[in-house]
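For reference, the structures are reproduced in the following blocks.
Next, two complexes with chain A in common: one pairs it with chain B, the other with chain C.
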Partner chain A sequence: MSIEVSHLRKTFGAYTALDDVSLSVKPGQLTALLGPSGSGKTTLLRIIAGLEFADAGSGAVRLDGEDVSALGPGQRGIGFVFQHYALFRHLTVFENIAFGLTVRRKRERPSRAEIAERVNRLLGLVQLDGLGQRLPTQLSGGQRQRVALARALAIEPKVLLLDEPFGALDAKVRKELRRWLRQFHEEVNLTTLFVTHDQEEALEIADEVVVMNNARIEQVGPPQAVYDHPASPFVIEFLGNVNQLTAGTAKPSARAAADAAKQAVEGKVTSDGDLLYVRPHDVDIRREPKSTHAIPVKVLHVFAAGNTGRVALRRLDTGEAFDAELSRVRLAELGLHQGDSAWVVFRHVRLFPKGQFYETDVAED
Partner chain B sequence: MAAPATRIRSVPAPTPTRPALSDPRWLRGLLLTLTLGFIALFLLLPLAVVFGEAFAAGVGAYFASFADPDAIAAIKLTFTAAAIAVPLNVVFGVATAWAVTKFEFRGKSLLITFIDLPFAISPVIAGLIYVLMFGLHGWIGPWLDAHDIQIIFAVPGIVLATIFVTVPFVARELIPLMQAQGTDEELAALTLGASGWQIFRRVTLPNIRWGLLYGVILCNARAMGEFGAVSVVSGHIRGMTNTMPLHVEILYNEYNLQAAFAVASLLTLLALLSLFLKSLVEWRHARSSRAH
Partner chain C sequence: MSTAAPVIATRRIIPGFGLTLGFALAYLGLVVLLPLSATFIRSADLSAAEWWAAVSSPRVVASYRLTFGVSLLAALANVVFGVIAAWVLVRYRFPGRRLVDALVDLPFALPTAVAGIALTALYAPNGWLGAPLAKIGPEGIKVAYTALGVWVALTFIGLPFVIRTVQPVLEELEPELEEAAASLGATRLQTLWRVVLPALRPSILTGFALAFARAVGEYGSVVFIAGNMPMKTEITPLLIVTKLEQYDYAGATALAVAMLVVSFALLLLINVLQLWSRRQGQ
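Coming up: the complex of A and B.
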């Protein structure tokens, strides 16, 4: 089932949480609402769920084409999973999952046996067989999250909405659970929208990523497209590490390529104040200035612990500090030490001069 | 009177290995003697006196004190007032706590302040307020008189005064509890299709039941023991508008010490029962919140 929101506005007093937001989520997809805190992503999710209402007369929420803006959360056919699980603390796992069925009106309520059967099937689906009689407090964080998921699924929602589903878990469980959620999504194939502030999480499991900032949607697209072709400086900076450098006086290399890109679009060359964005893994370190693009640098620090090597560098032409990321093998080959002189070539740069935005690959010569 | 003793018991003993807490032996002995001496002198001794005096003329005279029709009427009235005030307080307390913790509205902090008013105000003033409102020379007194409705110097006045002094109990107990629990569970129930009443019955009420019971016990203890406010509106008509505390005072002023202490001992027993129930609820609550 599709989710469509159009021209939503939400203000809390003088604060604007959503500013004319429109979004269309395709049926059957796993979509991430990604953004920093205060970007409006949770507000958007809660408005779709009906837990919050958009400002009067400011657009609509449609589920499967039907306008549900005036319906309460219980009537929308949604399943909602809260960040802190919100399990009923006085009920067992079984009773928690059965809750949505037992509160139904008598003629819509399944029989006891049917409820038991459905709950047990869901317990199996979320891999919690045999834990039905436990209280929520007797479960780990990851288990509680899965109970919350099973409880939301028990009412057979047409759309699943998750608010920071892994936010309250520690790093290891988080990683496991998000892979599990991806697999789980393949199995149930339910239109799913989840909120996260963790770009790694969004890029890893979502079919589509919606990047939000400042009450607006910045960019929508599949993870790779959003990562490789960010639509704004905010998106570049939010998705992964990036070095922000001025174009500077560096005549060769990036500057030349950026010049060409800008020339093509605007008919002007870059000025010294224009900003360049370079991902650390797009910085190629060399001991010899073999390319005319090479920029001389000094090695400030070498971080060799971890699965990739990281080198802190300073450009000798502009004095700016930036980071490079490379494999441990390559790092060993280079044999870099603090204080060494070296050269770098930017493999891929993005240029952002005042409101316009270009990107370009740097051609090897 | 047993309250301080239970408090002390419920505090975990300091571990002797912590150097900061290893005060000299004499200091510990001194503090302990002071505390126990104080409790014995000011709490336990008077308690013993109440029962001692009550039984001074023998068991027969003790029970005869309760055969007096005025005493029976006073006991009945006390229970009636409590039986009306406590349920009303539960309804008011739950409604207020719900409104304050689950909704946002203007004047919320003012409302919370007003709930505490009966604690801040002297009970005598509370009684006088009702006399000024409903008394013969009060605001609506003449109208009531014209319609032959008696509030002051009658049972309704006593019930009103009791309600006034007990207003804060349940609400004060529930507001911090419900604030700590937040609204997530209620919202979850809402997304699962539960109605407002189902949410209250199946989610909110089970979560607040121990706090609610605790508030009810304290409210009941106060309702039965209230003297000041009730004294002002009662008119002290024997067998009609005397509650147990007022009856004790009358008997005492008539130098009928034995009977006064006999009724007082019954009030004391009720208080001790309240404290026992309160400790029991605290213990159960601690256990059930440990399980969570």
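Coming up: the complex of A and C.
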């Protein structure tokens, strides 16, 4: 079942949460709505769910081609999972999962035996066999979120919507659960849309990533495409670590780097104040200036703890500081120490003419 | 070398347990238990047979029935009204909300005698409300000088309790719970009945217990509107005052003890209910 959203606008007083947003989610895909807090991603999800309504006369939400804009959340055939689980504390896990079935009108309600059978099957699906009689407070955070998922699935929704589903969990559980969600998605193949502010999470498990900023969609595409070909400075800064350097204040070697950037961004002429982006893993450190593009640098600090090595550097031509990331093996080969002189070559750079895309700060919550 | 004694006292992170518990118990003893035990001791002036005769005469038993029965009904009425009022005050923003919120506490601040006089004037057969009510039906509805009047007074003075206990809990209730219920297809009524009310249950019980306890002990506002007809509209606190006025201190304290015991038993029962309800809710 596809999700289609066209020209949505949502304002809260003077604040604009969504500004003419259109989006199309293909059936059966796991799609991430990614953005900093306040970017409008949760509002968009809630409007799709029917928990919030777009400004009057501003577009529509279609599920499988059918306009559901006027329907309440219960009539849309969606399953919604909240960040803080929103489990009913006075009900057992079993009763929580069965809730959506037991509130149905008598004619549509499955029999007791059918409900029990379905709940038990769901308990198995979310790997909580035998915990049906527990109360939510007797479960861990990860378990609670899986109960919430099972509860949403019990009504056999056509679309699954998750609002920061791992946001309240600690780092380790978070990682486990998101891999599990990916696997789970392969099994049930339900059109799923989840909101996250964690780019790592989005890039790791989503089929498609929708990057939002300032009430608008910045870019839509598969994880690798948005990571490798970011459409704006915001996207490149939000997805992964990146060094931002000025392209224009160039001495010869920096000029050479900017020339390389020109190839990446066709038709854009380098000038003073343009923004040049280099991923730390695209910085190649050398002991000798073997390339004409090589830039002289000074080593400020070497961080060797962790699974990759990180080196803080300062360009000798412009004086800008930036980071490089390289394998521990390569770091050992280079034998770098604080205060050493070296050369770097940027393997891949992106250049954005100043002011054209870049308008906001990136804020994490 | 002395043998190491096993460490029994565990170190507490928050200090002052002994001090604060001691203070709390001393205070409770001085303010609550001492006067109460004086009541018990005083009533022991009577022999067992005299005591029993004092607390079980038909007129006294009728007053128990009225006091406890009407207090129960008044507390129940306050539960219904209190939950609705708390809901309105928490969930909606309307002009004058703060004023209404402040009005809720008025029955606390008003001297109960003032309330009693006001209610009596209002509900008396020639009062603003009493006169039109008297015209309803063949018999007319009489409020003042009947058990119904006692109920009106007890409802009035117990009004703030349920509102004030339910209000903060309702404020803390995550809106996501209701949204989750709605997304699962529950109607508004189902959400209210199966999600919101169970979450409020412990606080409703607390408010009920407070309103009930207050109603049982109420004197000032009731004596004016009740009319105090023996066997019909006499509340137990009134009988106690009557006995005191006749210098029958032992008889008065005997009644007081009987009331205390029953009240304590009922409050204990409500507490047990609350505990059970809280277990359910966690």
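Some observations on this one:
In this text, the second predicted complex is superposed on the first by the 330 of 365 C-alpha atoms of A that agree within 3 Å, B and C clash if a C-alpha of one lies under 4 Å from a C-alpha of the other, contacts with A are read in each partner's own complex, and residues count from 1 in each chain.
Everything below uses one rule, namely that a residue touches a chain if its C-beta (ideal position, glycine included) is under 8 Å from a C-beta of that chain, and two chains touch if they have at least 3 such contacts.
Just so we're clear, the structure is a prediction, and the values are computed from it rather than from any experiment.
Superposition of the two structures on chain A shows chain C clashing with chain B. When the two structures are aligned on the shared chain, A:280 is found in touch with neither chain B nor chain C.
In the superposition on chain A, contact of A:40 is made with neither chain B nor chain C.
In the superposition on chain A, A:88 contacts both chain B and chain C. Residue contacts after overlaying the shared chain place A:100 against chain B and chain C alike. Once the two complexes are overlaid on the shared chain, A:309 sits clear of chain B and of chain C alike.
By the touch criterion defined above, A:230 reaches neither chain B nor chain C. Residues 49-51, 72-75, 78-80, 82, 84, 86-90, 99-100, 103-104, 135, 137, 148, 151-152, 154-155 of chain A touch chain B in one complex and chain C in the other.
Those residues of chain C lying in contact with chain A across their complex are 174, 176-177, 179-187, 190, 194-195, 198-199, 201, 280-282. Chain A meets chain C in the complex at residues 49-51, 72-75, 78-80, 82, 84, 86-90, 99-100, 103-104, 135, 137, 148, 151-152, 154-155.
Contact residues of chain B toward chain A in the complex are 184-185, 187-195, 198, 202-203, 206-207, 291-292. Residues 49-51, 72-75, 78-80, 82, 84, 86-90, 99-100, 103-104, 135-137, 148, 151-152, 154-155 of chain A are the ones that touch chain B when the two sit in their complex.
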